Each structure stands twice: as structure tokens, then as C-alpha cells.
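Single-structure report; data block below.
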């Protein structure tokens, strides 16, 4: 059936229904195309050229090959994976732990909830200002107190030390994004029927067993979605790392997005930069597809 | 066997002790997190309200303001375009939050109530948008906006920001609407209400927690944005706070104290939102589809 | 039929609405004719710039639109974006090295009338045409605590022993050694090499040769890195430090001496630690015993006109106007002690003499005046000061700052570091 005939048939039905459908989808599709579709297509197009912003020459997949075999790709990929996994998992753990805590209705639960959402709403720039100021080797209070209390001999430049740079960046990221999982999980927790826990206690289950058999299945979907969505976002995160360490020291925190930036603006190699972005895209897409197939996070929980 | 007590764990440690340990652990965790979250905020406030000379006196950073002052804010207001930047941020964020939420409700509803082939795929596809690194998208976007003559307009920036938050908010509302039973709407139809009216008067109020969280998400995206603002705006009067603040970093007359003051200003709307809306959040994120 | 009516009406309205919307979008205007696009990172001088623009707009038929960026790569970013969209700026405020890079890429338009015959230096002169109109000079400068160091150690050997003494006796390190991909690290490291008479490059502009690893140069270069390594023992970990970090170390009394740029440290410390200002004295970079201060790094910043913008002629006029404007000195002195006039005569002008901040720091002016002839930009390092594109590119990527990082963080030996940097420099030439 051609699109036209199909449209005709569809339009034959309830007018109002279709009007609503169009009204809801036209703006959406338009947005999507202008803000995402065209730029992505454009960028992917650029990746097939050498010097796409100047005198461009078509080179096919050469940029992709160059990028993957070039130096820095392996390190950047590794750093990206480490960063994405550690910040996602840590913020999930923090969020889950806190959700479990707040779920038990302690005093100050409300205040805690307000507290938790605040970092998420702050611009990353401000978050970085705060953390850079705290961890600075010269004006940082963390170093100041550690040195004064004798824990350290001399200040540690957290964002500049090979061993500390990545952890420091992860801490700042968890600080900002921990609340995302907190709220999602807390909502799910509060939807669990408390009778289930009563019954479990009566039947003699320990806290751990109750957690394992009641709580976890209910949270499964939420946890899986959080892992995927946050994983993707942290993998692509640029500003937090760039603003705090610029990828240093010595590439210790250079993740793939940082590498994209370097290619685009330091080396002025837009073909390479867009190729790398394309590679990241396909990587993430592949992971997502597999993830959806294997885990089916939107499935209903069987009680 | 009787001596195993009331539960496997109960044999080693009585349930009451378990309870107490749990309670202590809970309170400790809450405290640790509260401190962890509050300290950076406290530092920001402490530095913002002290004169630079007081903050750095004696070579140490002083966190106990003995003589609070508005000096840093004054510097910001007189020597930078901070008020203007703030205003721009507010305009653009408010517009994009509204647009994104409206879009999310409309499209989310549409996704739930209308069936078409590949619906799940389409809904998941929106998440794929986030997989392309925004850094390289800045240039195509600049070219597009430039060709459409949209540079340096609130409209363009609001659109761009909506475009960024929309995929997730739409997906969020889609999940949420799935928990709103058709029965609700059907009973309204039975009583003769039009579909539109039902949507407006029956479904929306029930969906409020959902769209509040969509609003919060789009607010966070818009308020936080730096990349889009840099792409769309090139005139100083049109810069948002985040872009303006990044310019501070290089200026000789703007140091840590003024930076913290600017940060404090930028934190006020988020704080207000956190204060007033945190209630709704809970129900909102109870995304039924995740069940 | 009622249904068809509604459908038709709906389509009509949607069509009309979208047409309107699109029209509204397009109506936004694709740039006035007669608007000069000016890209600058001098947010500090916004008021003066606006005044000069106002004067210019009164006398000429153009309007000038300024886009401010933050220093460093941000200007490049903005340039790339605008270039890609086919909307390049007309004027860019940049360093002489960047101007030369633009000229080499074919993007620069000549501004000879604004430069030749005016007494201004002419660092980007290609085939008789000038492509860069300088507005200010920013020489590097060191600062040390005169209450901790008994006197200026001056020589490399002196600095080593003094820094060691200071670090072991006090709660404070004696020096700061910057490393990493930052301008601060790059300029300091390059200057150290210059101090030891290392000829990093040789040859005329069109065939620059990397000579840092030839014979005597290599030995001198290795010596330099050895000295840097030694000084790093009496310095905090300066990896990734930009100008502000070094200054913060001085301010927070973590270090007693710092090599920075001009009087920038004083300008900043004045606000936060006014009590420290009198305890700081300016100095030239340390120099090996027996050698002289004959090559002193000085940034030169000014205007470059892009030839692919829409208002090249207007841009040229503006650049010339700017340099001759009454407010020119105000522009230069909007960051006194850090930005200096581009000519020696400018140093003696009334504007400089009457500037309060400068009056308080005559020692800085003396240092600048005495060493004026040694000021060199990183660009003018080809034979006899010819423009050196390799040096410009190397600076663009902070190659020497990275070499210091290889030495101090990457644990390379001084000898390996020299080889590393020579390889990297040659790779730039490909």
C-alpha cells in the first residue's frame, strides 16, 4: 500500500481523533527534525569529508579509520567507559541508598528531599565552580583542613594529579546527578504495598530476604532504565570534565567527548571530530539495542 | 526448629536489635548525605557574602563570615551585565520549560492513546537522539539557525532548549500516561464530553505529578544550558547567565568572590523550585510504565 | 459532509499557521549591510570599546557589532562556527601569532595603512603588506616575596639554592613550576629555553627548521629541562596550572616566587590580599650565570581583518580608526601593568604617567623600559625575527607546556623530553 492510500484510509476515521494526533505529533516531529535530525545528518555528512568547513574533499570512511587507529582513541574510550560506569553506578547506589533511607519516614525527610534535588537543578558551571574552589590546591578548603589537621603534608591538586583527577571528576558528577536516581527510586519504593513487607515479616523473612524478594523486583525496571539513560548521558558528558580538568592531567580524564572537542577545535579537524561522534553514536546505539532486547526494562513486574 | 527463632537472621541477632541497627544506619546515611550535599552550597554562600580581602586574609580561606557584605554583588551589577544575563536566562528557561512540558503532554498522550506500528520503537528512538555528542552538533545548529535568520533571538534559543529536553520529557509522559487508566476517560466520553475536553479536564489534573516532573527536568536542562546559548547568541546583551559567567573567569576584576556571588544568584531559582515543587516530584516519578 | 469540512479547515489552518511561522523565522534578517562583525575577548575593556565604536559610528556609515568570547580556545570556537556558517567575522582581536596563522591560511586582509608609517611594530609583514595592527604588548614577568627572599637571586644557580633554602626553612615553597597544556606553562618553559640561548628554530619564514636537538642547542635544551626539574622540587605540583593558579599559589602563600605575565599577579592580589602587595617585587626570568636577558617573551595583541567577511573595507577603516582614537590609551590601560602600549614612546606618554596603578609600581615600568629591546613575540623566531609559523602553531597547542608535563608528570628524562618535543614540532610541520 502506498503512503498516500494508507494516509487516506487513516484519515477516513474519526476526524477529531486524527486532528489530535496531528496536533500532538506535527510540532514534535518538526522539533525533532530541526534540532536533532538535520544536525545529526549534517554532522554525519561532515564526517565523510576532510576539512569540511573549509576546502572540503570527500574521503569516505578515511576519517573513521584515522580516528580509531589514531593515538588517544584507546585511552579516551577506556576513560569514557570508566567514567560512565563509575558515575552511573555510584549515583545509582547513592540514590538507592538514600531512597531506602528516606522511605522509612524519618524526621527531616522533606528537607532531605529538597536538599537532594537542588544540585541537579544547578548549572554544571556552578557545580564546577564550587568543586574547583573546594578542591583547589591553593584556595581549596579541603586541602586547607587536611593540611592543618596533619593528614596531608602538602596540598593535593585533586584535579591535576594522575590518580585523583578521575575520582574527583566522578565525585563532582555524582554530587550533581545522584538525585536523579534518588527521585525515581523513591517514587517506586513508595508505590510498593507495605502489606507485602508485613506478610514477609510474619513469615519470618529477614531484612535482606525482604529486600531481595520484594523490593528489588519492584525496582528492577526503574534501575535498568536509570542505568541505561544515565549511562548514555554520562558517556556523552562533556562539560563537567572539560570545565574541571580539560581532559588532563596528561589525558587521564580525556574521555571521548573531550577528544571530540580537541579534534574539532585544537586540531581543527572537523572531519575527524564528527567521525568520532559518529563512532560514539553507533557504539551507544548498539549497546542500547542489545540492552533493550536483553533486559526489556519496560516490562511489567509479575507480583 | 524452635531455637531458630522467628526468622533465619533472628537466630543470630534479635529482630529488635536489627531494627535498632537499621535505624542508626538510616540516620547516619541521611546525615552523611546531608552534609555532603550541603557543604559545597555553604561554601558558595560563605564566600559570596564576604569581601575578598576578608575571605583570603592571612593566606587561608575563611569560611565564617564575620562581616557579611553585598560588595561582590555590587561588583557584578556594576561591572558586568549580570542583571541582563539573569533576565535572559529566566526568559529563555521559562519559555522552554513551558514548551517542553506542553509538548511532552501532547506527544506523550498521543503515544499512549494511539496505536501505530512501531510505536515502542518510535518512543525508544527518541532516546537515541541523546547518543550524538552535542559538541559537534553545535556547528550544524549554528549553520541552520544562521540560515533561518534566527540568531540572537529568544525564540530560537527557547526552541533549541525545548528540542533538547523534549525527547526525555515526552518519553517520561508516555510512561506516565500509561498509568492513567482508560476507564477514566471512557467514563467522561460516556457522559458526552469531547475528546479534547476530556483531555483537558479529566486527564491533565490526574497527570499533574507527571508533567511537574517533566517541567522540572526541562527547567534543569534549560537553566543549565551553555552549548546552545553559545551557538545561538553572539551579542553580549543576549547572553544567558551561564555564558556570561564563563566570561567572568578570564576577567581580571572578577575573582572567586564575585564568581561565588554569581553562582549564588544562579542558584536562587533552582532553590525556589526545589522548595516548592519537591512534593510533586515523588508522584511524578512514579512512572507507571516502569512497573 | 461535516467531517470533510472540518478536515479541510484543519488542513488550511495548519498550513497557514506554519507558513506564518516560517515567514516569521525567515524575517529575522540575515545581517544588515554595513555591519562590521568584531570578535574580541577583552570583556574587561567593554566600556572603552563601546566608546570607540560610538565615535566611529558617528563619523562613518557603518555599525559595529561586538561578540565577546572568553580567552583562549573560545575565540577559535566562535571563529570556526562562524566560518562554517559562511558568516565569518570582519575583525578579530588576537595575538600576532594567530594573525600570522590566519594570513597563512589565506583568511587575512592587509591593513597596511593602519600600521606602516605610524611607528607601530609590524610583526606580520608578508610580501610588503602588513596583516596585523598591534594595540598592546604584554611581556612576561616574575614576582617574588621580598620579605622571604633576601634579594633577587637572578641566576639559575642562585634561584636553585635560594628556592631550596626557602622551601626547607619555611612553610612555603620557593618557586612555581607550571606544566601541562596551558599558556602559562608554555610561555614559561619556552622562556626558560630562551634564557639558556637555545635556538629552537632556524631558517627563513618559508622553510623553518627545527633545530632544538642540534648539537649545542640540544645540550643547552637538556640543561634547561634539568634546571626545570630541579626547581620543581621546590615548587608545588603545578600540573595544569593557568595564570590564575600560579597567582593563587602566590596569594595563598603556597609559593614565594612565580613567573607570570606582567603585573597580573599584583592586579589580582590587590583585591584579595592587599597586605601582600608591598611584599612582592618584580623580576626578569632567571637566567644562567653569564647570560643576558636578550630574548624576553612579550605577547603582542591587536586586530586582524578577515577577508571573507562582508565588510572588509569598513573593517580596515575601523582598525585604523581604533589605533588613532583618543581612547586608545584607555583601552590599553584598562588592565594597567598587564597591558602596555605597543611603542616605546607610548611608555612615556601622559596617559601612562598619570595612571594611578602604574604610579604605585614604578619598578614594573622600569623593568619594562630597560628591557624593551629584548621583547620578542613567539612568532618572530625565524631568522632575524622573521615570522615562524611552526612556533605559532606550537604555541597554539601549548607544545612546550606539554613538554614540561612529559618531564614532570610523565617521568621522561630531560634528554627524552628534548627528543619528544623535537618530534612533536616536526610533526607540526607536516
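Chains here go by letter, A, B and C, matching the order in which they are written, and residues are numbered from 1 within each.
In this section, a residue touches a chain if its C-beta (ideal position, glycine included) is under 8 Å from a C-beta of that chain, and two chains touch if they have at least 3 such contacts.
Small disclaimer: the values here were computed from a predicted structure and weren't measured.
Trainee: Farthest from chain A in C-alpha centre terms, which chain would that be?
Mentor: Greatest centre separation from chain A goes to chain C.
Trainee: Which chains share more C-beta contacts than any other pair?
Mentor: Here the largest contact count links A-B.
Trainee: Centroid of chain A to centroid of chain B, CA atoms only: how many Å?
Mentor: Comparing mean C-alpha positions, chain B is 14 Å from chain A.
Trainee: Counting only Cα atoms for the centres, state how far chain A is from chain C in Å.
Mentor: 36
Trainee: Give the residues of chain B touching no fewer than two other chains, as numbers and ranges.
Mentor: Expected reply: 56, 60-61, 139, 143, 246, 256.
Trainee: Residues of chain A that touch two or more other chains: which are they?
Mentor: In chain A, the residues touching two or more other chains are 53, 139, 264, 270.
Trainee: Touching two or more other chains, which residues of chain C qualify?
Mentor: Answer for chain C, listing residues that touch two or more other chains: 77, 80, 84, 251-252.
Trainee: So in the complex, which bits of chain A are touching chain C?
Mentor: Interface residues on the chain A side: 11, 15, 19, 22, 26, 52-54, 136-139, 154-157, 159-162, 245-246, 248-250, 264-266, 268, 270.
Trainee: Okay, in this complex, where on chain C does chain A touch?
Mentor: 3, 6-7, 10, 14, 73, 76-77, 80, 83-84, 173, 180-181, 236-237, 239-241, 245, 248-249, 251-252, 254, 396-397, 405-406, 409-410
Trainee: Could you pull out which chain A residues touch chain B in their complex?
Mentor: 16-17, 20-21, 23-25, 27-28, 31-32, 34-36, 38-40, 42-43, 46, 53, 94, 97-98, 100-102, 104, 106, 108, 110-127, 129-131, 133-134, 139-141, 144, 175, 183-184, 186-188, 190-191, 201, 204-209, 218, 221-222, 225, 228-229, 232-233, 236, 238-239, 256-257, 260-261, 264, 270, 273-274, 276-277, 280-281, 284-285, 288, 292, 297-298, 300-301
Trainee: Can you list the residues on chain B that touch chain A in the complex?
Mentor: 6-10, 18, 22, 26-27, 29-30, 33-34, 36-41, 43-44, 47, 56, 60-61, 63, 103, 106-107, 109-110, 114, 120, 124, 126-137, 139-141, 143-144, 159-160, 162-164, 166-168, 170, 175, 194-196, 199, 213, 216, 219-220, 223-227, 241-242, 245-246, 256, 259-260, 263, 266-267, 269-271, 273-275, 278, 281-287, 289-291
Trainee: What residues of chain B sit close enough to touch chain C in their complex?
Mentor: 52-53, 55-57, 59-61, 138-139, 142-143, 146-151, 153, 230-231, 234-236, 246-247, 249-253, 255-257
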